[in-house]
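Naming follows writing order (A, B, C, D, E and F), and every chain is counted from residue 1.
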Amino acid sequence: MSRPVSYNLVQKPLEKDISVAPLPDGHQGEGFFATSLDAVIGLARKNSIWPLPFATSCCGIEFMATMGSHYDLARFGSERVGFSPRQCDLLMVMGTIAKKMGPVVRQVYLQMAEPRWVIAVGACASSGGIFDTYSVLQGIDQVVPVDVYVPGCPPRPEAIIDGVLRIQDLVGKESLRRRNSEQYKALLNSYGIQ
Amino acid sequence: MQLTQRSKSVDRSPMTFLESLYLWNIMKGMAITLRHLFKKKATIQYPEEKRPFSPIFRGLHVLNRDAEGRENCTACGLCAVACPAEAITMEAAERLPGEENLYREEKYAAKYEINMLRCIFCGLCEEACPKDAIYLSQTFAPANYGRKGFIYGKNELLIPHPINEREAYLKALGDRTPSARIQNQPNA
Amino acid sequence: MALTNEYIIQRLKEKFGEDLFTFQESYGLLELVAPKEMNLKVLNFLYDDAQLQFRFLTDLTGVHYPNRTGEELAVVYHLHNLQSNCRIRFKVHTSVDQPEVFTATGLFSGANWMERETYDFFGIQFVGHPNLKRILNVDEMDYFPLRKEFPLEDQTRIDKDDEMFGRG
Amino acid sequence: MTEQHIKLPAGSIEKTTTTLNLGPTHPATHGVMQNILELDGERIVSADQTIGYIHRAFEKIAERRPLAQITTLTDRLNYCSSPLNNMGWHMTCEKLLGVQTPKRVDYLRVIVMELARIADHLICNSIMGVDAGAYTGFLYVMQFRELIYEIYEEICGARLTTNMGRIGGFERDFSPLAFEKLEKFLAEYPKALKEFEDMFQRNRIFMDRTMGVGGISAERALNYGFTGPNLRAAGVDYDVRVQNPYSSYQDFDFTIPVGTTGDCYDRWLVREQEMWQSLSIIRQAYQKVQSFKGAEASVYHADTPAYYLPAKEDVYTKMEALIYHFKIIMGETEIPAGEVYHSIEAGNGELGFYLISDGGRAPYRLHFRRPCFIYYQAYEELIKGSMLSDAIMTMSSLNLIAGEMDA
Amino acid sequence: MDFAAITLWFLLEKVILIAAIIGLSFFVAMYTTLAERKVAGWMQDRMGPNRAGPFGILQPLADGGKLFFKEEIIPVTSNRILFLLGPALAMIVALVTSTVIPWGAPVVTTTGTIALQVTDVDMGILIVFSVVSVGVYGIMIGGWASNNKFSLLAAIRGASQMVSYELPMSLALIAILFMTGSLKMSEIVLYQINHGWNIVYQPLGFLLFFICALAECNRTPFDLPEAENELNFGYHQEYSSMKLGFYLFAEYINMFVSSAVMATLFLGGYDIPFVNEAAWGLSPWVYSLLSFGVLMAKVSFLLFVFIWIRWTIPRFRYDQLMNLGWKKMIPLALFNMLLSAAILLWLKS
Amino acid sequence: MSISHLLFWILSVTALFSALMVVTSRNPVYSVIWLIVTFFAISGHYILLNAQFLAVVNIIVYAGAIMVLFLFVIMLMNLNKETEPARHKWLQFAGAVSGGALLLVLVSALKNTELKSQQSLLVEGHIGLIKTLGQELFSTYVIPFELSSILFLSAMVGAVLIGKKD
């Protein structure tokens, strides 16, 4: 049973992500200073993403491999994993989130300092995966806004790094004003977060 | 309690005087870490360097075509039944006259969608297929920003047409000699 | 000294009389079924008897048989005599209306959580259990999910097509 | 600390206890579990464990799935050693269906299972080092877990949740590269393990942290239903591989390491020694696999057309094979009614599968005896009266896997 | 005190010196964070940060920039003023310690002498101790004000640990003072230039001092106030943004300063070993710069040892730490002190 | 006004203000912190008087050790505004009276001392320097010094004994 081809090289376009809020009208001419400050801070932020590994199950084990010597997430400046939500920039939800756990995820998200990003690693966290059951939350986007989804059960470390790279793209492009924008507030409000 | 003849006590000897001084074993540990400081690093710098995957690695799916470029899938639904995550959805359609160069058999999948976010890449669909139609590939599923970005339709799943899209087909085929496994893969 | 299934049956019959139990053997494992009132007495006997010495509770779980009227729920104990390496399976049945079974926590500390789990899944009330409350599910849950009549699926899922070929 | 958190025992204003909530997202609760500790200073007065934070209803799902699909569930039980669970599940099915596996399959399974055991123990022991504050040893041995994953990838195409094997054997023979990587592993791992031991085993700080911490007597451990390394650390040499050999374990020569006090240090040593034993078992199994000649040397599954999927070429060309193929995939195969209990020695102890079949497509009821779930209830007894740091060492030395615990 | 000697030039010189030292402290602390991550990476067979700039040299700037623009969270249940005071104290104390360290040989020019030392008071080394003893407040106040039980536990651990380890530290130091006969840092260095390094005569003293320095800086194996796997970063758990940065930075500045103190007390300060540099006839500026470089090399080595230890060994338990401090370190330090005194008396008589 | 004067006044005001704050703060942790500020101000005075050793020891012992213990105890006792019981009126009154009495005694004792025109009288003296202090302690005052050390030793032994009781 050999496979017809080795790779699926179709590039699925990246969906426009929910977190890049377009600038409101009248703010177009930002001036050189503001835009370059945005760029510099974006660059700083993107190279210093401190993750909070919210690892509940299998994907957490692959995250260990990602932190390990072979893949070394530290190269992106992200090895300072913290379990204190205040100090982290990126909530990495890895593994099944049961309905009992849902409020905890939300609580952790609420405790994080802005700007914060969320990445749902693996099938369970993103959509419930094979656990379409009474006790499992069908995707953490029901309780917190998610910026990047990483498919796989569990994703390979390469895929996790790919997810982090996507987050880096996001972070690098983000304007300093985004977190004060109406769109962002509306997004949070849709999750009941003031 | 002794149940078998095979038990053997672990070595739990009390600390020797040297060990109780802390320093000797700490030095030993430090010598080990220092040795590693100069060792070759194990890291594969992922986006630039890539590690070869096994030829049976279970990554993104592909839908097969036969040598003339006709789709193999007949929408029998076995893969969907075999899928533990219930991630495969399809709609069958009858082949119309004049479409013989598109579909191999009289029935084909008009719609074939896999929700990669649900998929657990267990490979059961590949095993279940009786028509040489669905396979997994060595490409891992990439991350995306929204949930819609993970519904892979036929466009994304079908392999390139072996005649009309020769170049893409060859690229997807990859170098399949065993020695190529040592080299890096093309960009996924 | 090897324990044989015949010997166990004999010992039990000596102690409890001929027709208290129904015996069955499947895949080499002796299975005995007793009335639910007797479960502690039987477990105690199996534990204390100098020959039997079933002192290791391997497993405790429940099963739901909705079609067997009057004995819908079963509690299954797997016991192990480590010294002579012999396992038995012990079952009691109870009705779904009055699912009360005596607890084995006095005998086996390990039974505590297993009974809580069984309660959580099937609603079997273990009489005398020190802390019988839900263990895996949220406390607010108002049904016993592993009973056959309750659905498995999360009702909020929208992204699947159940029309497909006999699954579900 | 606000007032409501402090309980004053009657008649005393000097002694106050503090409630400390360890988990469910505390760094030391690998996976998710909650411990509500009552502390007097740093001493633990009482503990209350809450679990179920990743309860996924495995047993309910299993009632809807054909036997083959349940393998994917067992992967996610103790995810540190998925292949062990896979093999255990397949053996349970084989017991129910009455399938005899050829010797070569047994030995290949032994290789896979012992690799998984090494991966499991290795995570537990190295994480114990991390919880004690030394991170580096963890990364040294994790490189070899990576190698184990590469071997898995060569065998089945996945790294962690392997979905490996089928009823009756494997889906394909091991590739030469898999054996090559296995040889590499056998050659390099002992050195790394030795180095890892050198970093911790006789280091006084580590010994002080683990010796006499979280101990349990053999009697209490048995009463709590301990199995696996945690029971053996308490001095009972109960090992399913020896007591009820499965998959031809009787053909192998190995010893069962036992401890005496059942404390964290003993658990660490037992796991460490078991890794050495596993290595020796893998060597023996690999030799046995190599000793097969001729047609036998390429057997990788039992000859049971009713339960083992036919080869793809036959499916495409032969009618009979196609019918079997459809029957197996749709779950229409003849499954005898009956009740089976089968257990294997998993990374954490006796992993039991209690399968009730009514002859239908899916099990009528499937219950997993999850060792973690059973021994975690002893945690309060283990840590009572010790210090907060001890509670953390005890937790990691028990190797609690939330996925297995909550099922 | 004599204030008559204060001239504008003197003030200017000191202001420049202070600014330089603070800048140096920040720079070294920043790059110690990078060094820690890189060395840890290399020791663990991996690369460490290498994306921010070539070899990751911009990594500290990225971290700083990020922290600076992060939201400041002050928990509602915390005590606002103390919550702010904690990191500020930690930072100030860390910076003040460096005033009495001679950073290089004095520049002796024809017009006068410029000491590369902010102040060369008689009690030099005691000043260090007094500042260090106050250093514990940053942790205590910060941990308490967070109103979080993990932080409070960490604060208590930190306070008792730092107070306990100050004692053997000062006892180890007294043995040095017996030999040098002066508390002045500059004279201690001069003594070593003339008589050889103190570490040769006081190996045990150096070891004790080094262990205490580890404890005072909250480094592994004494990182109990942080203990990420037990107390989840302990006292600074509730801190975000630059306040967290202050705490993290203060730790590295402390490491830097204590390395400098150890280098000065035991490793000959800015003395260049094995050579008689005075005979080279270098210009005073070059010579001073060279001696400064030598001191920095010693400091870097000690910093490396700090990092090296951190990534090798596990941490103590709280009671074991106290046992070690009170039952082993203090008697050993006392023994060392008495032994040194006895030997010195015997040699002198 | 010379720098010494200026510093003297600044330090005096700081010392007095922080001492007042120690008494008036409602939160005991604030009191401790103000007390530490007071100690620093007093150490500043010592330095003005060229008693560097006393200044440093004052900080090491009082600010660095004793106040740490105070803070320690206060943190553990969890004295908050909410938990602190309201004081009786007459207690406050008694406090004021006894404080006033102490002030009276101090004022009357100091009334007849001769005020020097120069505040920093000891500027030229070297009594506060470590060498002279040591010489004085170990020659003139050797017996009181040793006596007090015995007193401390016995206090330590007593503390250990009390601690062991539990």
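Note that a contact is a pair of C-beta atoms (placed from the backbone, for glycine too) under 8 Å apart; a residue touches a chain by one contact, two chains touch by 3 or more.
Every value quoted in this text rests on a predicted model; they were computed, and no experiment measured them.
Student: Spell out the chains that contact chain D while also contacting chain F.
Tutor: E
Student: Starting at chain A, find the fewest moves between touching chains needed to arrive at chain C.
Tutor: The least step count works out to 1.
Student: Considering only mean CA positions as chain centres, point out the chain farthest from chain B.
Tutor: It is F whose centre lies farthest from that of chain B.
Student: Quick one: report the Å distance separating chain D from chain E, using the average Cα coordinate of each chain.
Tutor: Averaging C-alpha atoms per chain gives centres 46 Å apart.
Student: Please report how many Å separate the Cα centroid of chain C from that of chain E, as a whole number.
Tutor: 64
Student: When the centre of a chain is set as the mean of its C-alpha atoms, what distance in Å lies between chain C and chain F?
Tutor: Centre-to-centre distance between chain C and chain F: 72 Å.
Student: Distance-wise, how many Å sit between the C-alpha centres of chain B and chain E, to the nearest whole number?
Tutor: 51
Student: Of all the residues in chain C, which ones touch at least 2 other chains?
Tutor: Those would be 82, 85, 136-138, 145, 152, 159-160, 165-166.
Student: Which positions in chain D are in touch with at least two other chains?
Tutor: Within chain D, residues 1, 26-27, 52, 55, 57, 60-61, 72-73, 136, 139-140, 143, 161, 172, 199, 203, 205, 222, 236, 238, 243, 312, 330, 406 contact more than one other chain.
Student: Give me the residues of chain F that touch two or more other chains.
Tutor: none
Student: Contact residues on chain A for chain E in the complex?
Tutor: It is residues 40-41, 43-48, 68-70, 72, 74-77, 79, 82-84, 86-87, 89, 111, 113-115, 176, 179 of chain A that touch chain E.
Student: For the complex, give me every residue of chain C touching chain D.
Tutor: That would be residues 26-27, 29, 31, 55-59, 61, 63-64, 76, 78, 82, 85, 87, 89, 108-110, 112-114, 117, 121, 134-138, 145-146, 148, 152, 165-166, 168 of chain C.
Student: Any idea which chain D residues touch chain C in the complex?
Tutor: Those residues of chain D that touch chain C are 51-52, 55, 57, 59-61, 63-64, 95-96, 220, 222-226, 236, 238, 243-244, 330, 338-341, 343, 350, 352, 354, 356, 364-365, 367, 369, 373-378, 406-407.
Student: Using the touch definition up top, name the residues of chain A that touch chain D in the complex.
Tutor: Contacts found on chain A: 1, 54-58, 60-62, 64-65, 68-70, 83, 95-98, 100-101, 104, 108, 130-131, 133-136, 153-154, 156.
Student: Which bits of chain D are touching chain E when the two form their complex?
Tutor: Those in contact with chain E are residues 1-2, 5, 18-21, 26-28, 42, 129-136, 139-140, 143, 199-200, 203, 205-206, 208-209, 387-390, 392.
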